[in-house]
Each structure stands twice: as structure tokens, then as C-alpha cells.
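Below is a structure I'd like to ask you about.
Order of writing sets the labels: A, B and C. Residues in every chain begin at 1.
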Amino acid sequence: MFYREAGQFKTSYQADQALMPIRQDRIGLAAILLIAFVAIPFFANDFFLTSIMIPFLVFSLAAIGLNVLTGFCGQLSLGTGAFMGVGAYAAYKLTTIFPDANVILMVLLSGVFSAGVGAIFGLPSLRIKGLYLAVTTLAAQFFLEWCFIRIGWLYNYNASGAIEIPHREAFGVVVSGAESSPLVRYFIVLTITVGIAMLMANVLRGRIGRSWMMIRDMDIAAELMGIRPLQTKLLAFAVSSYICGVAGAMMVFFWLNAAEPSSYSIQLSFQVLFMVILGGLGSLAGAFMGAAFIWILPVFLKFIPGVLGFDVAAEAVEHVTFMIVGALIIFFLIVEPHGFARLWQIGKQKLRVWPFPY
Amino acid sequence: MLYDIFIDPFVQMYQMPDFFLQVLWEGFVAGILYALIALGFVLIFKASGVFNFAQGIMVVFAGLTLVGLHENGVPAYLALLLTIGVMGVLAYSVERVVMRPLVNQPDIILLMATIGLTYFLIGFGEFVFGGEPKQMITQELGLPTGSTAFEFGERGLVILQHIDIAAAVIAVIMVASLGIFFNKTRIGRALRAVADDHQAALSVGISLNQIWAIVWFAAGLVALATGIMWGARSDVSFALEIVAFKALPVLILGGFTSIPGAIVGGLIIGFGEKIGELYWGGLVGGGIESWLAYIIALIFLLFRPQGLFGEKIIERV
Amino acid sequence: MNALVSEKELSPAAAGAPAAGEELLRVDNVSLSFGGVKAITNISFDILEGEIRAIIGPNGAGKTSMLNVINGFYHPQEGTITWQGKVRRKMKPYEAASNGIARTFQNVALFKGMTTLDNIMSGRSLKMHKNFFWQMLWRGPAEAEEIEHRKKVEDIIDFLEIQAIRKTPVGRLPYGLQKRVELGRALAMEPDLLLLDEPMAGMNLEEKEDMSRFIIDVNQEFGTTIALIEHDMGVVMDLSDRVVVLDYGKKIADGPPEEVQASQAVIDAYLGVSH
């Protein structure tokens, strides 16, 4: 009843190919942004910001990055964690070399390095396809992880082998390091994530996004229609890695404060891949939904026994969380292999015809 | 620098042949174990097109169940039988709960489902048996321990662990019996039919569900054997999972569907990795074992995308 | 067909109005084999500008391989291909596409995850040039370019009468419509030479009639040269100006439909001959 597009006529191609042609969708997005930028900062406490919102946004951005590559260009990658790591280490080195430069700029710049590394490891994609490619991206994962451990220059030869984020200011406010306020970090992460998401939404609906989807759906036909496979795939690898790199840099600068090589292990790659698959391949909104599910569910599960009054060892809770997450992943894959994004679409369709079934 | 890369390692090999032989043996044993894990992947991929990421964790899970049962007072051989039973139950439930509802889904969905299964098995295994590493019950199972040293040359020694020899023998027996099973039995023939074309196999009356349960069980048995052998060399713990990833480059080399490919690929990776680490690894700070296998496979694949035993792919439109 | 943009805009061939019958493409002594299997043996023929050229032959005669050679997907071991008067070097499929060769496929090769509109828009890829930066901003040049090409695409949608399925993902369309969308996608490239691989396979009579009409319209209104593979002899005889007949990778006849129909070699190839 509330979700009807009847009476909304489009009189120009411009209106017809807008990002959200339906008015109710535009209102919905505006409401979400209002909550994110105004309501949450106003009401949320520090715990909510640092343990839930900031990681959720960082993971959403990483999921968008992987979604560009896997969901839109069809190239399965298991090296996301390492590409995020490249961004983190690059940003760390940049801010070490240029301590006075704006650290937010450095974070955005760090993505350029991960984009380069991503493009190099994307080269085999010209000859190797499907699951074989997925396995070769593991080469990137393990090789880069090894670099993070062995190349002392990357972590300034710290005794601990970890990178620790120094105190940095931007626009007269402390933005990184232990003293920075969660609220400031939240705003930075939110702005970057929303900004990149919107820019990507534009790229994905235009010529470039179409060329990626052409490669994904039928690479031979795409090539016979004038798409250069290597350039197109490498661009997807570069853009995807850029976004993942920025997400990885934000992860350590605005969330964890410190990171060691194991922070960017294959587990992280899997985690982001789950977000993309459960959220829905080829959907930006799905990336946010997947990130919310995979990040917030375990946090939530941790508190259940305490709330119910059981006294369970923390270790056992962790094991059970693993089991539940694994089982739920299988469950959702069976229920809807196209992810939450598809469920959301079906829901909207139901709303559109409500109260009738068809 | 060039000398260090291109000449020095070979000089070392020549001057210390005993050490070189020892390295080769280590590579051989590691290769056998990689091949065994890869074999489990191949079995399942052949019959169902599922890239079973959980194979590595099944190895750990099988080993853990065996040791865990024995720790709780079950005699070794009975524990072995019970573990086989557990793997059977696992195969049946995976087929019933995961595979059957997901039939005909794209590769990536099935891959994700097996990663979900991996998470579940890790959680389940640690919940039941605890997370700390355990000692494999090698002696209780009647497997040989100790080692034999062969004199070599004037003062060199090559040391062979008995358990490694046993591992090699068991691997050979296992591959041979799988070969016979595939080629000589009715179920084997049905299995090959399913591998070729699901729908055609269904239409001549082969039960996909039964076949899938059987291959998962066979993969479970392979996992158990691998778990015992590997557990005997180190400890049984979930840290083994990361080593299980090594089976993936092996698969790239050998192809996802070829049993001989898995064996040969395993040996190439095993040899390549040990030789690379011990003779060249020092030049870049060591630890290159973690990625060398992937790079070997990657370079190989660039020149031969169809794998070792695959036929040349002719693309059609 | 007043919905169409003027022919001039859509086809340079018609606009320049060169003497009809100039040679567009010539294949000389082309042979292609896979390992030991010979797919094409020593075939020569030409395609003239503005004509409908049919390639026929029994299954496995090498027809599709021939098309694959023409648009650069396979590289023949021997022989040369002359395109618009120049001997062509070994080229990649995307280079053939930018040279003005478009095609449809025997088994529909649409982009299954995309809508009809996006599929046809994808045919415009080569003609769109706004870079990544403008695409990110969208407002401004990228949007203007998108709208400009959208107009062209809407003309094709009108021409093929598929307005109703504009926003439908092509995976959900019935087979006949998928074939039509695929033709639209190829037309969007505004090709000089359009290769159609069995455009009417698996269609019923009515759909065949529709498709035939579209093919003739494309040829006559836009002046597009067409090479087509088809098994339905009635269609081939009615549509085509000249026919090449292949059998076991060899050319056995070449000429106007009536002549080919009467040729003894062709009759033997189709009906079999007692040895």
C-alpha cells in the first residue's frame, strides 16, 4: 500500500535511468543516511560505535570492493585479506614518511598501492578462469602475508612485528591513535564508505560496469563485441583492490589502532567473501546487509548466554559461535542462494502488490 | 648475487649428496601427504562438481575424533572403527543436509557451502574434544615408529622415519584400491557416469544421492588415513588446516578431476617446496614454503592452463 | 518504420552509397585444423557489400568455424582474409568488432544477468568513450553520453518490437525473444558486416517469418551486409542473394540460390549418395 510506484511517470531517459527511479526508495535512502549521520552520533555510546558501527562500515566497504570483482566482473578472489593488508601497510608507511600530511588523504592514497598490487595478481586472470583463478589468488594471499612478516621496512622494524598507529591530527582534530574519539573516527569511516559506495554505484550502471558484467556473463561474447578482456579484468582487479585497500587502511587506522600480519590472514578473506555471498553477488546494498549479518551476529551471540543467565566458559561460547555461523551460512545459502539482496527484492515485490498475493 | 641464485645451490647439492637425498625424501613424504588430501578433493569434485574446501578440516576432524575417542578410554582399534562410522555419518548428513538442497547451484555457492561446513566442523570439533593439540596414537594403532639411518658415501647419513615409509605404502595401497573400485565395480561405473553428466546418469536410473554419500564417505576415509599419517608427524590440531591449503596448488597442477594428476602434482609440489626452501629460501629470509607452492602452480598454469593431464581446451561458441 | 533514425545515421554503407556489389570481404584458400582434425580445407569465397550471403551445409560441415575465422575467434593455419580491400593480419576478436564485424550465436550468448535494455546497450560499448572519472561522477558528460546512446538503443527496440520486455532480465525470456534481443545487440554495434549463426534455429513458423522480415529490413533499410548460416532451405532460398555450400570442410558449390539448388554435388551432400 505504501510502496507503490503507480502515478510516478518518467518523462525523460534521465529520470528513467536514475539510480533509484522509485520515490519511496529515495525517501528510504534519505532516512537511512539521516539516521547514520545524525541519529547514531547523537544517541550511540562509545562501545556501540567502536565495536559495531565502525567495523560494520569497514567491512561493508571491503565487501563492496570484493563485490566489484566477484559479483560484477565474475572473477572469484580469495586474496581480499592480503589486498586489505597492502592498503594498511601502505598507509602506515605513508604516514611515517609524511608525518605532517593529512592522514585521511594518506588512507585514500594507500588504495593506489593495493590497486597496483591487485592488478599484478590479476594478470593470470586472462588465461585462468573460475575456481582455478580462485586458487591462484591464494598465491597473492600467502605471498603478501609473508611479505608483511619478513620485510621489516614495512613495519618500521618494530620489535613486535606489528604496526601501531601513531597520533595524527587532521583539520585540527585528533583522528588516529589511541586518544582519538570514536565519534570522529565514526564520521570519517562513514563518510568514506558512503562516498565510495555512491561513486561505485555510478560506475556500475554506466559503460564500465556493463563491460564488467559482460565479461562475467559470457566472456567470449563480450570479446566478440569489442570488449578487451585483459584491460577490463585488470581494471576490475585494480578498482576492487583500491577499495579493499582503503578498507584495510581504515581498519587499522580508525578501528584497531594496531595490526599484525595475522590480522590480514586468509580468515579475513573468507569473512569478506561470506559477506558478499550472503549479501548477494552483484548488489551494493547486499554488501551492507552481508557485512551487518557476518559482523554483528557473532557479537550478538557472545552476549546471549550472559543474558539468559548461563555461566558458560568464553572458549565454549566461541566454539559454539563458530558452529552456529557455519550452520547459518549453509542455511541461508539453501534458502536463498542469491543472498539477502534477493530476499529484499522479493519483499519489495510483495509490498508492491499487497494486500493481494499477485 | 647471481652466483648465489644460479650456481651455489647446485654446488651444494653436489658436495653434500647425503643432505640432498634427505631433502628429496622429505619432499617425497610431504608430497605423498599433499597428494592424499588432493585425492579427497578429486573424489568429490569428480562425482559432484563440488570444490570441497572442507577436505582439509575433515582430515583434522577425523584425526581428532580418533584421538579423542581413545583419550576417553576406547581401545585404539575400536576407536578406529568408530571413527570410520563417524565419517560415514558425516558423509550421510552432508549429502542430506547440504548437497541435496543445493543441487544445481553455481560453483561458487557450493564452494561457500563447504566453507560454511568448515566453520561448523571447526566449532564442533573444538567444542567436543577441546582446542589444544593432541598426540596421535601411533603405537596403539600398531604403526611403526623409530627410524633407520642409511650410510651414504663416506660420512653421510640419510635418516628415514618408519612412519613415513608406512605412509607411502598406505598411500599406494589406497590409490590402487580406489583405482580398482572405480574401474571394476558397479558403483565405480555409476560414479564415472555421474561425473560425466548428472542428468544422463539420473535418466538411466543411477541414484545421485547414493553416489554422493558414497564419495563423501570415501573422501572421509582418505581424510582419516591422511589424518593418522600427518598426526604422527606432528600433532593433531586445527593448525593443520593451513597446511591443508597446500593441496590446492596440487590440484591446479594435476587438474581437479584426475587421480594420477593429484599424485604427480603432490610429488612435484612436495619436492619443489622442500628443495626451494632449503636451497634458495635463505636468500630472501626463509619461510618461503608458505607461498612457493602457489607460485610454482601459477607459473605452470600460465603455460598449460589445462593442467598436467588435461587435454588442450578448444573454446567453442 | 518511421520510428527509425534516418538510414544515413545508422549505416555509413548506405549513406556513402558506394557502387553496390563492391567486395567487402574475401576469404582465400583458408584451412583450419584442431590437432589432427581438419575443420576447414582450402575454402575461398567473397562477400559483396549490401548482399545477403548464406552459408549452408550439413551438420559438421564447418560453417560455424568459418564464421569464427571471419571474426577472429579462430586463426586459420593457411590462407588470407581480405577485409575492405586490405589483407588482414592475425587479429583478436575485439579488433574484428571494432572493424565493424558483429555477430549472433548458434546457442544464444546473451548476458544472462542483465536486462534487455542493458544487453542492447552493451552493443554500444565500442562507441562510448567517457572515462572512469566521468563515470564516477555520472552527472554531466557520462550521463549525457548514456542518454545519447539510449536514444539509439530505443530506436532498435522499436524496430524489433520488444518495448514490453525492455526491463526484463534476458534469462527469463522465451527462446524466440532471446534470439531477437541478440539480433538487437548486434545491430546496436552498427556493423558493416553482420554474421548470423542460425538465427532461426528452434523457432516456429510465425517466429521464423518475423525473423526473416527483420533480416530483410536490416539489409534493405540500413544497407547492412549479412552473412547467415541457416538450415531451413526455404528461408535460405528466399532471403539470400548468393549461397556457399560446405560439406566436410570443403566448398562444393557457390552461386545464386537457384543454381546451387540444382547442383548435383549439393544434392548428393544433402541426400547422400551410394558409393
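Just so it is clear, a residue touches a chain if its C-beta (ideal position, glycine included) is under 8 Å from a C-beta of that chain, and two chains touch if they have at least 3 such contacts.
Keep in mind that what you see is a predicted model, and the values were worked out from it rather than measured.
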item	value
Per Cα centroids, the chain farthest from chain B	C
Between A-C and A-B, the pair with more C-beta contacts	A-B
Closest chain to the centre of mass proxy, which here is the mean CA position	A
Separation of mean Cα positions, chain C and chain B [Å, integer]	49
Chain A-chain B separation of Cα centroids, rounded to whole Å	33
Approximate Å spacing (C-alpha centroids) for the pair chain A, chain C	41
Touching two or more other chains - residue numbers and ranges from chain A	220-221, 224
Residues of chain B whose C-beta touches two or more other chains	315, 317
Shared interface positions of chain C, touching two or more other chains	73, 105, 109
Chain B residues touching chain A - in the complex, by the definition given at the top	51, 97-98, 101-102, 105-109, 111-113, 115-124, 126-127, 131, 242, 245, 248-249, 251-252, 256, 284-288, 290-291, 294-295, 297-298, 301-302, 305, 315, 317
Touching residues (chain side chain A, partner chain B) in the complex	70, 76, 124, 127-128, 130-132, 134-136, 138-139, 142-143, 145-146, 149-150, 220-221, 224, 266, 270, 273-274, 277, 281, 315-316, 319-327, 329-330, 333-334, 337
Complex contact set, residues of chain A against chain C	13-14, 17, 199-200, 202-203, 205-211, 213-214, 216-218, 220-229, 235, 282
Complex interface listing, chain C residues touching chain A	71, 73, 92-94, 96-98, 102-103, 105, 109-114, 118, 121-123, 125-126, 128, 130, 132, 135-138, 142-143, 145-147, 150-151, 154, 185, 189
